[in-house]
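Chain naming follows the written order as A, B, C and D, and within any one chain the residues start at number 1.
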Amino acid sequence: MKNKKNIIYAAIAIIVYLLIFTLVETGTASRQLQNLIVPVLVNIMLAVSLNLIVGFLGELTLGHAGFMSVGAYAGCLFTVNCHLPAVIELPIAFVIGGLTAAVFGFIIGIPALRLKGDYLAIVTLGFGEIIRSILNSLDIVGGSGGLKGIDKSSNYTVAYVLTIITLIVISNIIRSCHGRSIKAIRDNVIAAESVGVNVVYYKMFAFVLSAFFAGVAGVLYGQNLGIIKPATFDFNKSIEILVMVVLGGMGNIRGSIIAAIILTLLPELLRDLADYRMLFYALALILMMLFSSNPTLVEFRQRLFTRKKGGK
Amino acid sequence: MDFIQQFINGLSLGSIYALIALGYTMVYGIAKMLNFAHGDVIMVGAYVLSMAAVKAGLSPAMSIVFPVVICMLSCTVLGVTIEKIAYRPLRNASPLAVLITAIGVSYFLQSVALLIFGSNQRKVESVIPKFSVTLGEIHLSGEAITTLGVTVIIMICLALFINFTKVGKAMRAVSEDKGAAQLMGVNVNSTISLTFAIGSFLAAIASILFVSSYGFVGPYSGAMPGIKAFVAAVLGGIGSIPGAMLGGIILGIIESMSKAYISTELADAIVFSVLIIVLLVKPTGILGRKRITKV
Amino acid sequence: MLKRFLALAMAGTMALTMVGCGGSGAENDAAADDGSDVIKIGGIGPLTGDAASYGVSTKNGAEIAVQEINEAGGVEGKQLELLFEDDECDEQKSVNAYSTLMDQGINVLVGSVTSACSIAVSGESSQDGILQITPSGSAKECTATPNAFRICFTDPLQGQVMAEYIQQQGLSKAAVIYNNGDEYSKGIHDAFVAKFTEAGGEIVADESFTSGDVDFKTQLTKIKGSEADCLFLPFYYTEVAYVSEQAASLGLTLPMFGCDGWDGVIKQLNGDTTNIEGGTFLTPFVPTDPDEKIQAFVKKYNEKYGADPDQFAADGYDAIYAIKLAVEQTGGDLSNEALIDAMTKITLSGLTGDMTFDANGEPNKSAKVAVIENGAYTAKS
Amino acid sequence: MALVEIRQLGISFGGLRAVDNFNLTLEDGQLYGLIGPNGAGKTTIFNLLTGVYKPTDGEFYFDGELMNGKTPIQINKRGIARTFQNIRLFNNMSVIDNVKVGLQNRHNYSMAAGIFRLPKFGRMEKEMTERAMELLKIFDLDKEADQLASNLPYGKQRKLEIARALATEPKLLLLDEPAAGMNPNETAELMNTISLIREKFKVSILLIEHDMSLVMGICERIIVLLYGRVIADGLPDEIKNDPKVIVAYLGE
């Protein structure tokens, strides 16, 4: 039963890749879509990794863009200064970016041991802003102008492989005893401690792992774009990722993937609306939250769907 | 001399933060939600003020009173409307859903302002009569004195209102336990509406004093002061009225002092570091109440 | 289950819509030579977000140029069409916008308006080889690729020119405030500081702030306590307005100098320039310049958009005219190589001065100095 | 030394003396009851024994080892497990996963095994599933194994909490009002289950309960607490007739 499921997932992963491959290589897909493949995959990695903290560990953070930026800078700084062949350089860059971000994940995990809810949210927001303001004033990484001249050596295949690795690692962890410990902490810290779950270790672990993948996603982002600047990784970026997690469903990896795809493509599709785009995005955000969380509307929706499903 | 002037600069900046933080803390304390759109209500208030000031053409006294009243009315109505449309349906939803909605409202107000007023900042004439006090080399602007005075008065009024009136008691009851308050005959919905009305009224005052001090408003003018004030509220202990005041003033002084004596580039980093250190030492902020988890 | 299916279906449909409108991008070069009557010009800049005013101005200026050219019969028998996309001043969105434009088969690109976005786009556009003219991307790297040109000055150039100018006025102790979060401001600042000290001057106060700041009293108080004899403010007019008012309220009255981002400050102050009287800045464009061409542009802009144009609008306008000249130079050949080659051969007499372009994509043009006097900009040469 | 040796244990919250001079010796396999009116300090004693609170004075030895100052996690690893007065389940996890979290205390595999699905992962997960199902069967919860814990009826939630505590393979089990909110039938059933797990798992039990039929029915000895002090300690029959206890419960 479980094996069958894994085979299906593997098949889906391969089919999706082949689909992308055909669309891109035959030129069927528009430039716009081709160009969006990597950003979509970056966002999937970010959303899924944030879901580990927000959805599975149950802690609210508003500083995910901070992890992403640290990783992006560390990894891209390496590629800018080392001129190795891309095959060697790129994997090292991803590891460096991921590890650097993981170190920051560890540092930011410390307050998470003491703080909860809104307080943790504001502290992580603060951490993100601190990172940004330090990057802004560091001339060796280009200051506010950003780090320029990054080799654009990644492509959609690299991005796809990284995304699949992220998905496999995170979902396998979630469906292991370690993931159960993380979820137990989310549901009830005191009970988790009473049955011997090492709360400190697993909280730290979730932060470190989540930061690691955010860092890798950051490197990918930088390698794809060729330039990174501190202003990109602001509070709004963190919110953008958080919105993907919340819309996709907390603790729902598939949901995060779908939400990341929709929310990356949506603004691009709304380009025709020009000036009204942000307005629509804001309205969509409010309405989607109302529809997914308002008791009356949720009930209405469920009733609608149950009837269609034949009264299950 | 410089030091005193810098201290005063910090104080005047801090009193603005404190004033905005009072609105945050008020809403958080009672409704238990982070109203991320608070800063943007201030922005809307500033635009309203600028339009009302232009259209007036009344006697000198009225030309001050009229825009101020219009600004207060529209902010209050806006706040209550936002609560009714966006927040009330999510009364029992997860705090995260409410937070995202609040962010949505914030984006909404910003983009509406952008569509109506364009991206350029707009000059708003101060409604506070121009005066300033000069002691030797120390300058104290009229706006700073007014802001500080108004903030202190508002803080005292709010504290009295919450602690000694019947409505205030109802608010505290809602804050402790919505369900129990309802059983005790408190109308939870109207109490929270009232909270938003007061919060937005405070936003109106903040917007009047903010534009009087700085003179300009743009679609994104509310965002940064909003975040800073939010930090101030958390620093002082969110939900605590004197805490918001204290947090705002401390934040303003730290910001000013670190710009003056450490580094202008890293001032924001220092402000946030102080916040993090304070919270690590005292997880509920300086004046926040300790919450005990009962096992 | 159904919900999940719906979500998936939605994501799929969205992707498919994009596939559907594809195809044209791959045949871009073909489109260039198919003898159609339209030259498609892509434009990219921030139309929403913090930096929206720059993008909007550029777009407006470019639209006026397009309209003028089309009314005069187009270029080489072809009409111009401007397709302008928003990038919110975000590099990723800028590249997205570029791809969208490529799908629509643009022949030339005007953009992006801001530096970092422009650099990110040139990473893509250099692979396509398409002519890219950034109207206002002032960072050095904006023209790093062979296909990229710019209309405005570079940041270092402005800093150097202003350092020399200030010293010519007999001032030697400068106080500087700059925006640490903005590359433009920092670029001018760095070059200014280097040049100013090199020439024997002294920087007695070097202060910064970050984008979004509105309180400058701390920095100004520090400057007041220094021995500065002038104040250099290399940043945009929005913040300049704040600084000038707050300096006055602190009793700080030093002569003020700035950069081309100052353009627009008078409007920002509602015409009340008491606190910034005598402020001097470098600019390629002054709307009060009696020059006939400029007055005609200002009039049209006012009619169409109800405001005075700023330097961004002028840059956008000039970028379109540069394209017009390049197309005329090639005799209607819209291939990328021909257009890029033509760029180095044209002489543009634009709103922002007379200019030629070198093979590196840099404009050669002279700077004008503008002084704020009695509520208006006065050109000073 | 006995399994549990508690000597003059006490804790103060500010000026309030919540527990004072508490002594207890519990041998392997014994079942003690802890009773007393509300606010007497019963749950506080549980919190002291499980490391949630740190005692201000006295000593607590478990299996010959001093437990003062140990964290809840360390104490659980030494072999003490508990349930809670207000049920604390992992509500958004399935019933079987709740038990598995408890099992993980003894059955574990490395992170790498989890990520790469090494053979050890499959082996351990299979073993854990089997053990968990066994436990669930004892509490008649095996049919609900895949349901969310929060969807269980109240009585079953209490049982699941006991099952989860037992999964950590404790030597001492602390039950905080296990029969609260149960009807007489369910209580009787619970009594049987408690006797059963004593037999099967060879575990010592200390339980807090207000339901006298349960306390008198299964406890070997009973300790009565009032205002943080022990006022009586003895066999069920002695307690039943102790005038101090009657006064404490009924007033004079």
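We adopt the following convention: a residue touches a chain if its C-beta (ideal position, glycine included) is under 8 Å from a C-beta of that chain, and two chains touch if they have at least 3 such contacts.
Please read all numbers here as calculations on a predicted model, not as lab measurements.
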item	value
Count of contact steps on the shortest path from subunit C to subunit D	2
Pair joined by more contacting C-beta pairs (B-C or A-C)	A-C
Chain whose Cα centroid lies at the greatest distance from that of subunit D	C
Nearest-to-centre chain - CA centroid comparison	A
Geometric centre distance via CA averages, subunit C-subunit B, whole Å	36
Distance from subunit C to subunit A - Cα centre to Cα centre, in angstrom	33
Whole-Å gap separating subunit A and subunit D, where each centre is the average of the chain's CA atoms	41
Centroid distance [mean C-alpha coordinates] between subunit D and subunit B, Å	49
Subunit C residues counted as touching two or more neighbouring chains	48, 180, 210
Subunit B, residues touching no fewer than two other chains	111, 114, 265, 268, 295
Subunit D, residues touching no fewer than two other chains	52, 84
Parts of subunit A lying in touch with subunit D, wherever the complex brings them together	168-169, 172-173, 176-181, 183-184, 186-188, 190-199, 251
Complex interface listing, subunit C residues touching subunit A	1-4, 7-8, 10-11, 14-15, 17-19, 21-26, 47-48, 85-86, 89-93, 95-100, 102-103, 115-116, 119-120, 123-124, 139, 141, 179-183, 186-187, 210-211
Interfacial residue positions of subunit C with respect to subunit B in the complex	48-50, 52-53, 56, 180, 207-210, 212-215, 217-219, 221-222, 224-225, 238, 241-242, 245, 249-251, 264, 267-270
Subunit A residues touching subunit B - in the complex, by the definition given at the top	54, 60, 110-111, 114-119, 121-123, 125-127, 129-130, 133-134, 136-137, 190, 235, 239, 242-243, 246, 250, 275-276, 278-279, 281-283, 285-286, 289-290, 292-297
Subunit D residues within the subunit A interface of the complex	50, 52, 71-73, 76-77, 81-82, 84, 88-93, 97, 100-102, 104-105, 107-109, 111, 113-117, 121, 124-125, 128, 164-165, 167-168
